[in-house]
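Chain nomenclature is as follows: A, B, C and D, assigned in order of appearance, with residue numbering initiated at 1 for each chain independently.
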Amino acid sequence: MSSSIGRLFVVTTFGESHGPGVGVVVDGMPPGIAVDPAVIQRELDRRRPGQSALTTQRQEGDKVEVLSGLFEGVSLGTPIAMLVRNTDARSQDYEALREVFRPGHADYSTQQKYGVRDHRGGGRSSGRETVGRVAAGALAKTALATVGVRIVGGTVQVKDVKAMRRDWDEVEKNPVRCPDAQAATRMAEVIEAARAAQDSVGGVVEILASGVPAGWGDPTMAKLDALLGAAMLSIPATKGVEIGGGFGMAELTGSQTNDVFDGETFRTNFSGGIAGGISNGAEVVVRVAVRPATSIGKPQTAAKQGGGTTTVEIKGRHDPCICPRVVPVAESMMALTLMDAWLRQRALRGREK
Amino acid sequence: MSSSIGRLFVVTTFGESHGPGVGVVVDGMPPGIAVDPAVIQRELDRRRPGQSALTTQRQEGDKVEVLSGLFEGVSLGTPIAMLVRNTDARSQDYEALREVFRPGHADYSTQQKYGVRDHRGGGRSSGRETVGRVAAGALAKTALATVGVRIVGGTVQVKDVKAMRRDWDEVEKNPVRCPDAQAATRMAEVIEAARAAQDSVGGVVEILASGVPAGWGDPTMAKLDALLGAAMLSIPATKGVEIGGGFGMAELTGSQTNDVFDGETFRTNFSGGIAGGISNGAEVVVRVAVRPATSIGKPQTAAKQGGGTTTVEIKGRHDPCICPRVVPVAESMMALTLMDAWLRQRALRGREK
Amino acid sequence: MSSSIGRLFVVTTFGESHGPGVGVVVDGMPPGIAVDPAVIQRELDRRRPGQSALTTQRQEGDKVEVLSGLFEGVSLGTPIAMLVRNTDARSQDYEALREVFRPGHADYSTQQKYGVRDHRGGGRSSGRETVGRVAAGALAKTALATVGVRIVGGTVQVKDVKAMRRDWDEVEKNPVRCPDAQAATRMAEVIEAARAAQDSVGGVVEILASGVPAGWGDPTMAKLDALLGAAMLSIPATKGVEIGGGFGMAELTGSQTNDVFDGETFRTNFSGGIAGGISNGAEVVVRVAVRPATSIGKPQTAAKQGGGTTTVEIKGRHDPCICPRVVPVAESMMALTLMDAWLRQRALRGREK
Amino acid sequence: MSSSIGRLFVVTTFGESHGPGVGVVVDGMPPGIAVDPAVIQRELDRRRPGQSALTTQRQEGDKVEVLSGLFEGVSLGTPIAMLVRNTDARSQDYEALREVFRPGHADYSTQQKYGVRDHRGGGRSSGRETVGRVAAGALAKTALATVGVRIVGGTVQVKDVKAMRRDWDEVEKNPVRCPDAQAATRMAEVIEAARAAQDSVGGVVEILASGVPAGWGDPTMAKLDALLGAAMLSIPATKGVEIGGGFGMAELTGSQTNDVFDGETFRTNFSGGIAGGISNGAEVVVRVAVRPATSIGKPQTAAKQGGGTTTVEIKGRHDPCICPRVVPVAESMMALTLMDAWLRQRALRGREK
């Protein structure tokens, strides 16, 4: 239960960062959709470590194996299980951490929750768990594309550097995944400086879905805003989410933020494509606050399991800014959420074939 | 499904704003807990319209009737259904709106979703749906109090006026429900000015839970952050949520935001009491962005159902700023979320911590 | 959670037998379906006590009030809450039973589960809880009828008297609700004899759905057989369920029970309309074993809450055979199950409007 | 969703019979429980084909790989994923069946449901899907054993041969898995005769759980009877289930079947250990009707996908009676159901009883 998201497009991840592997089961993929495993791999390559100078230098091939649910190139409508083996897990790097609670990490809360934990890295709290999300997201994107929904995303802020434009074609051309080429250069400098200082920096990621028809989502507990909020805040290291005008609307008036609609288009999009929890046909826009990575090389005071404190210097190979790698994950979470909302709308209004 | 929240403490609301009534079924209340119906009523009184000069002047007594689940003063462990009749629904106010999609409202998206709607007010999208949430929240607060969890909240921003202190005892002493008495006065002025201008203003609400033990929440899809995010963004008119340091952390470094812990207390609380999705024993802190109320008196261009546009002036009695009334609702959503996390931790470990 | 059934057509009942009332929330009714409240009442009248000489003589009008989800004669697609007040609850009849665990009843198991209970009648275990199921079933039947699904049912066995024919038009013409008029007469005699002896008798109820298209249900955990099994065994006093050939197939061979199919019709229906968990287009046939009512007037030994035993004679007004009243409940559970399977198939294959 | 069972102990299977492999994800295993992978393998060996002369002669090693959730010999409280590769899939045996709907099989209903199918064997409808259930069941049995719950089961009927005793230690000593050694011999003869005739026979399997404390299960929709019913009827080829007295109680009276209780023990167990949906402390007893295997060698008329009929002789290596192999699967489903009920009771009351 606690490892699943979605009600009709149910995505369940499994695997510890330093166990045999990580993976996912996707239950609810509609049948008859052409699925190219190379597309899944391509999305995983966007997430994997070692892809650029800005990310961690750990090398994991992250080759995906599809274990079920596809037959002769199309989805069967049955669960699609996918597995990625762990290969570059230097577990010995972690032996010194067996009884240390690293600052900002989930070590202490995990120990308190379970009474037992795999101290080698973050276990389930590790960013590695998102491998399964991205693989599932590739399926969702494939299915959504059949009805014209397209999802893009990028890093729009790193520390105090903000993207001033949204040129989504630019995103894959720079290692920060920023939709503003000029800002990207400065963001990269900020990230490199953080790495040099054995520190890390935070940022903001923005995700946008176009082609979403009006009518997806629900009016109360399952508002599309709420489901997107849960999806985004389930990504490791995220601590905030806003839709459309978001926190900025706190400072405005109703006459400014009521999106005027002429029956075809909206003059503004403060609602971020969602009115009363239900998509209204405008672009769905979400921004996610990403905290600075908690794994840093600088010496830090840390509590020890038996009591007392020690000093830790986390010497593993880590990301000084995780935003570039959060982008494909957040896109995936957008895709999973929309996929689920789409299927629910089909249940509500769909006609049988 | 779409009207329920929670997995073990399942809260399902029902009712349209202009139908016979609104209510809630709470399934999962542990047995043997002393419940005072007057406490439920008191919470509803904090939410109801007409409670102060700053809120809408609609008068609804909002008297709650408990239909099941209590016996001789204690919970039976069975579903607790509660009903509040609608009494002051001036449906005729809405007849002119039968075929108009009000700007910023859910009218259009609702029509596209269902193909039919109750045009008299917001139906399920109305703030009136939150009556059931607050009644359920009173139960959750009662149960959580038995293990020392206490929830407080207040309005911390209205337009550009921000609370500079957090004196939670101050909240019920001013109509804005602001924990800073001085800021409250200025906030009230801003709200009155908006009402005079037939406009509305946005704001930010902050909710805090103390006494939450370490170990509640889950490490992946059901992170406590994620569930709180969904809970808050399911409240009408909310468009953003942040936990602990939130969006502010985007501009900081890991060495600043890694909350140093000595085994007993945290030096900072950028994590907002949640590390890796699991409570860490610090206070749980959430802020919610509230958009300006969409019902305003100013003339606005609106699309018509058959095509074309018209001008609407929403002449009903509405809130110029909904933050004061969002406070008890957001407290309730915090309570529902923590209640669910608590029960799930009991299932996992078999004893209370 | 534990009071709900269904995943897309979610039915949640509430209410104790001797509290203010009993009711139900139906979440997932598709919008735009014409619903006549008189039809709901008619179904409740088939379930209510006092309807014939064979049933309990308790008199409860069981008038239903629809609290939400309907507007101008059609469903809104929002939760439909329905309430029936309890009126004829002679609670004083039960005071002597405050600390007695009646044999066969749920008194002891309920006390062990919750540590507290409403001793006045069965509380949630009472047959009265099925009021909400029947009200929900009326909605499901109405919706299913729009796609040609029709559900009938009847008592096919009382003690050793078995119906030899299935004339479904006969059912409402005799108080046993037996589809065989001749058997009905003998069944009535058996039931009257049980009443005279202050005892009760068991029986079997059969439910049949026609017009179910091939393709509803799922191949593994959510087999249509499994969901029907759960639905039927959630009815009070049921202790067995079989689909199609059921237990009789244990004695046969594959060459006898493999339903030969020519592409249009099945020569036999041992599968009961469900192959591999998925409807195959034949009639869906379910039989339910109903135990003798546990409330009997005969003196019985009963355990006492503090320890020791006593003798009880349950002098309330009870049903000597509950099969006639189980029929509308079991029909309803068939309808709820098919409704849910239909919506799930729409999610899987449906096209949006 | 449709491939999962359980609400707190969530078991999701994946895999087609002729794809790369089959497996399961178990989400909700409590942390800190010692798990021996050899125990999982031993249970799978009881289920696998080729284990005796009475079962199919297909040879699949069915070696399980645990992919996650265990660390240093104990459960982490995180998802436990397990994979068994398919090795002996003679897919070419099935090429002739690409457009044939085998009688009694799910071929036709599957095609109607999904519009596409893996024609090589039963896909998800195959008995091979139960590999994951048995692996999950081994975990559940291990956890339940820590609180004294023990599950046994056996074949109690094959065609018209019935077990007259319940000597559970006998079960693993004969290939029929019958708790009555004498009956086992006659059952084996019946099965061999069916194989010689290229036919198959049905039977009944009985499962018993001892040590279940009073208080597990729920009073309405989630009655323990209902959840067991769903669990059992989700096993391929099952078409009936009964608890305790089951269908036999239809012929009895209340004074016969009301289990007299003296506060410590029950004189009879017609309730099968469950009163009002909640365990009462007596042994939980369930019987499952198993239809004759649908794969038989005898020539049969079969519909073709494009229209028209043909004659099929299913020449694969199949089980003439699947009861012996259903036993470990049904035990597993009992274990999964009790595990879930146990965790739910822990959530409700916060401590183990």
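The definition used in the following text is that a residue touches a chain if its C-beta (ideal position, glycine included) is under 8 Å from a C-beta of that chain, and two chains touch if they have at least 3 such contacts.
Because the structure is predicted, anything quoted here is derived from the model rather than measured.
With centres computed as the average of Cα coordinates, no chain lies farther from chain B than D. Set side by side, A-D and B-D show the greater C-beta contact count at A-D.
The distance from the centre of chain A to the centre of chain D, with each centre set as the mean of the Cα atoms, comes to 38 Å. One inter-chain figure worth recording: chain B and chain D are separated by 45 Å, centre to centre, where each centre is the mean of the chain's CA atoms.
For chain D, residues that reach two or more other chains under the stated contact definition are 1-4, 7-8, 13, 28, 31, 77-78, 113-115, 123-124, 219, 344, 348-349. Those residues of chain B that touch chain D in the shared complex are 7-8, 28, 30-31, 77-78, 219, 343-344, 346-352. By the touch criterion stated above, chain A contacts chain D in their complex at residues 1-4, 7-8, 10, 12-16, 19-23, 25, 27-28, 31-32, 65-69, 71, 74-81, 83, 113-118, 123-124, 353.
On the chain D side of its complex with chain C, the touching residues are 1-5, 7, 11, 13, 101, 103-106, 108-110, 112-115, 122-125, 129, 157-160, 194, 197, 199-204, 213-223, 225-234, 236, 238-247, 249-263, 270-272, 274-281, 289-296, 298, 300-304, 307-309, 344-345, 348-349, 353.
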